[in-house]
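What follows is chain A paired twice: with chain B in the first complex and chain C in the second.
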Partner chain A sequence: MPRHKGRGISTIEYPTGMNQNGDPSQAWIKLKPDGRVDVFAGTVDIGQGSKTVHTQIVADAIGVPYEWVTMDNSNTDSSPVCTGSFASRGTFIGGNAVRFAAERVRERILDIAAKELEASADDLEIEDGTVSVSGAPDRNISVSDVAAAATWGHGELITGTGAALKPYAPVDPETGAVEIEPHCAISYASCIADVEVDDETGEVTVLRLIQAYDVGRAINPTLVEGQIEGGAMMGLGLGLLENSYPYYPETDHRGSEFGTYLAPGMEELPEIESLILENPAVDGPFGAKAIGEMANNAQPGALANAVFDAIGVWVTELPITPERVLRALERKNDGKHEPRHEGKKVIFDEEISIGTIGANGGAVALDVP
Partner chain B sequence: MKAVGARLPRYDGLGHVVGETTFVDDVRVPDGNLWARALRSPSHAARIVRLDTRKAAELPGVHGIVTHEDIPRNVYGHLEALGVPADEPLLAEDEVRYKGQPIAVVAADSEEEAQAAVEAIELELEERDTLFDIRKAFDPDAPKIHPWGNWFPYFGGPDEGPDRRKVRKGDIDKAFSDADTIVQGVYRPAAIEHCPTETQVALVVPEASGRLVIYSCTQAMYFSMGVVAAHLEVPLNKLKFVGGTVGGGFGGKVDTAAETLSGLLALKTDRAVKWRWTREEEFLASSTRAPWHMEIADAVTSDGWILGRKMLTLHDAGAYARFSPYGLTKHAFHHAGAYTIPNIHFDGFVVFTNRVPTTAMRGFGVTSVSFAVETHISRIANTLGLDPYEFRLKNANRVGDTTPNGVTLTDPSTVATIHAVAEAAGDTLAPEYAAMTSEPRSGPLLPDHLVTQQRDGRSAHA
Partner chain C sequence: MKLTVNGRAHDLASDPLRPLLHVLRDELDVTGPKAGCQQGSCGTCTILVDGEARRSCLTPLALVDGAEVTTIEGLGDATRLNALQAAFHQYYGAQCGFCTSGMIVAAHALLERNPAPTRHDIQTALAGHICRCTGYVKILDAIEAVARGETFTETNGDRQPGVEESVAKTGVSG
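Take a look at the complex of A and B:
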């Protein structure tokens, strides 16, 4: 039988926010005279859905319906600083910035509502667009009427600003040690890959991915699943298909268009089971950590382990192409795939190490006692 | 209804799927715009002997050509604010260090006329030896890529310091001496493309006031605005970035690619200028994910404890540093993966080659090490004859454990995520492993070699 099934597992962690911090996001919010909410933040939506997530956070932090909230992230004149949509920082840092701004807006709404209701702001709560007195729900005023009263009666603009920044964490150049946490949170994930390997053609087919991600809190589970599934396909490309330099380290035969560069497509889509775990971060918005980048990190290792489980060879140069699978099987059949044993050392992959390829045993090669 | 936790549809989803969203290339200006094209190095490594744009400038439809001489500040580094010195010119001056490096840009009435002018620019090069294999960068006879040498020397900051990112923790020699087995492996993920649907593109419109309005596909408007302002030596109120909606980035649009040169052409011609990279430029001249070379040696016990890790990482930066020192440092901070390893010796180098500069891509710095560590972990389990779930669970991060750089973990989920996938896959764990939690270690799960690493932990939340 040329086709062999295998299962591999991989478990990873990934930080939220720029490594060593120092990457601010800021936001400001204003209310229209009918209580509708305008959010201004510089968070770029690169397809991850940050506008959706930011507006969800603002709706709940103020206490108004989601449909009331609009976000403008279109330019640097109207929006304050966002360091950028990278480092899996949008939901946590950008989300905290709009949350802090929304909390200021909520306070201003309560101040005006307190005057209108002749109550203490401390006794008021906001839910679904209505401000009411705790324990006396009949004494209430809509946020729309509060905004109108502010505009036409009190001559005030209800607004709020927020800024999220964790200070830069210097690193000791000799030990790598830091004095403060160099990230906002850490997310975790595990991935199981079920594959089928054809030992005649070298092809690896991914049958199923089972993946569990602890994202702290899923602000929008559909978007989290979108990240998990989209990321899985990128991880599958990295693991099995893609290579800018197919003959690395040589530079020949680079793909210069989609027709000559092998990226994953729908035909490679395996069955994907996505599990969302919620172990909240104490200082994330509503407990959120992150999901963005890590979603393509777990698959390559799981795939390499599944290939070993299927046919008993380790392919540790990516991508795991049919050619590499067949060459590894050839080495196995020639008795050359086994690690070298030296004392208590078990040494794999010696032929591709810097000690073998570099001159004089590789100037910076690992010194393993 | 609460919004948080709800499966609300994408805010901008409908516009995207019906084709109504305005991306940069959809923007039109009333008086039309000029089109930019770039002269790029045809060579991987060469000295520029002669660059003459005079004939090209005389061609029909050509409004302006920009070379390094036109740029107020040509050399600027993406990480200067973090103390990383600049090394990359916006347009090449005396040397080209990768194939596709921009040397000059032309603005003309059409893309065809701009391309014709690019081809009329006279360029004479003197070829140099090339380096592509990072494993040979340290060889005595290796071609020298960079004035700094072949690897980044500033891990102690701008006053130099270590030429590598170091992580040292615990007593590595004791760990290797105490080990029953030492497992070594080598892991080499490839460079890959970001493959955005939208190629790099910018439209710059000069206003009568002297301001530049920059329509940008950047993933980071303020970051890119800072880069443009630095090259042009103007305050931020002279620039307005318009963006926020991107047709695919994945890290490749953290680099500021088209904005600055389009802005210089707009200033020089006093016309709106659009520069949209061809698909071929996107594939061949834009940055890639880095190829990495990682060697791991783990000191382990027969019953499945990881006592220590020695690791060497070579990160292929391509021709210029860009974000590579940042990415390597992040890599170093996470090279233990989701496990607790009490004794650590890590050296990581940012190595220069004559490859297109590598840059951020989804999982920057960590994607590589996740692959290496996870394959290595399963290899160790197989070598020791242990179950891959059990080996992972035993060494999993738990509350109170510390990272390689000494941060105490407060809410790890290694155990929970392993339990979740094992259950979903129908794999039954032995009772003692099924009962594991992320709670602080005690009893047989707190052997002597893990006690010290807990005590040495530093403040978690600043």
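Take a look at the complex of A and C:
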């Protein structure tokens, strides 16, 4: 039987908005005379959907329909500072910046509405574009009319600014200690990989990836799913195919063009199942944490474990190419079942690792058919 | 050389060996086909030549003399999306969007010759199209939706589908 099936599991944690340099995101919002909302923020949407997510955050934080909000992140002259879309910070730090600005706008709307309704601002609520007195919904005014009153009656501009910054966390060079935590929140994820390994060719085929991500709060679950699915294929590529320096630390024979860098295509797509867990972060926007960079971290470990489960050898270098699988099998058949450590600091002890995995008799709280 | 691009006739005096991709992008300002790897490996420059999907980066201009060329722009625009464009929009089939025009043009060619493809048929037909954002799942979902005849009333590119649904799912209320 040349083909063997195996299953592997890995679990990761990932910092949200990690910061060692001080990286702010800022936003400012103005209300137009008709109550429509203009948001100026510098966070770049590179396809992950931050523009949509930030629009949802602003709409919900003010209390107006999504369609009323225009997100302008196209001009870095008119937008305040955002250090960028990286470090899994877009939803958390960029999202907090627009949320704080939206909360200021909401307060200003309530101030003007309180005058119009002759009520205390503390007794007012905003929902779906209408300000009303708590407990007396008949006493209400639309946000559009509040904005018009501010513009034409009170001579005021309703505006708000917000800034989010995770302060620099200096590391004590002696002890490695930090006085403040260097990240905003921790996201968690697990991946289960089902593979089939051909012990004659060394080829690993991924049959199924099941992935669970704790993202705090999924502000847009479809976009989160898109991140998980995209990350799954990147992780599959990192685990099995992608290699910039095949003989690292030697740099010879590195790929010099697109066609020599193997990225997974549609035919490599396994069955993918995505589970979103919501374990809210206290200070994230609506409890959100991050999904960004972590989405392709869990798969390579799960794939290595699945290969071990299938054919009983550890491949301890990525990507798990057919050559590495065959060499590992060869060492096993020679009675030298030891992972290779050359050129790298790899802390690996099979007894300890297996012992750790096998704690509680190997029982895990997962029921995957 | 004469060629028709998205219904418009052109008479070109360009280098006959110039890749059609550069003629389209630099001379005719048709920028839907993307210049990705420019060696036939990524699929982003895919166009239709007399209805057949071709890599415009590997197609010398001389080869399409007298031909009818269709790019993503010829299938539909932001005010009038064709079914595949609407489906990609509805199913979140695009993230950064760089592969999208090639994906849609190739999917269009597939559906023209096989109106009822299986998921596997689509994976085989689009195997040479690299997407690094989506993990392909939602792209396949979108093409399958068109293949099974799903219709899309949304033709306005400004709408963000799924937002109401996601608000309902998460309980983040407006």
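What we mean here is this: the second predicted complex is superposed on the first by the 333 of 369 C-alpha atoms of A that agree within 3 Å, B and C clash if a C-alpha of one lies under 4 Å from a C-alpha of the other, contacts with A are read in each partner's own complex, and residues count from 1 in each chain.
One rule holds in what follows: a contact is a pair of C-beta atoms (placed from the backbone, for glycine too) under 8 Å apart; a residue touches a chain by one contact, two chains touch by 3 or more.
All figures in this text were calculated on a predicted structure; none of them were measured in a lab.
In the superposed pair of complexes, A:G265 makes contact with chain C only, with no contact to chain B. Residue contacts after overlaying the shared chain place A:L238 against chain B, while chain C stays out of touching range.
When the two complexes are overlaid on their common chain A, residue A:I186 makes contact with chain B while staying clear of chain C.
Judged by the touch definition given at the top, the superposed model places A:E103 against neither chain B nor chain C.
Touch criterion met: A:D128 reaches chain B and chain C at once.
Look at A:L275: by the touch rule set out above, it reaches chain B but stays clear of chain C.
By the touch criterion stated above, A:G47 is placed in contact with chain B and with chain C alike. Greater residue coverage of chain A by touch, when chain B is weighed against chain C, goes to B. Using the contact criterion defined above for the overlaid structures, shared-chain residue A:D60 touches chain B and also reaches chain C.
In the superposed pair of complexes, A:L223 makes contact with chain B and with chain C alike.
Contacts of chain A with chain B, set against its contacts with chain C after fitting on chain A, overlap at residues 46-47, 49, 52, 55-56, 59-60, 65-66, 128, 217-223, 231, 234, 257-258, 263, 286. Chain contact summary for the complex, chain A toward chain C: residues 46-49, 52, 55-56, 59-60, 63-66, 127-128, 217-223, 226, 228-234, 257-259, 263, 265-267, 269, 272, 278, 286.
Within the complex formed with chain A, the chain C residues making contact are 36-37, 39-42, 92, 94-97, 122-124, 126-140, 160, 162-167, 169-170, 172-174.
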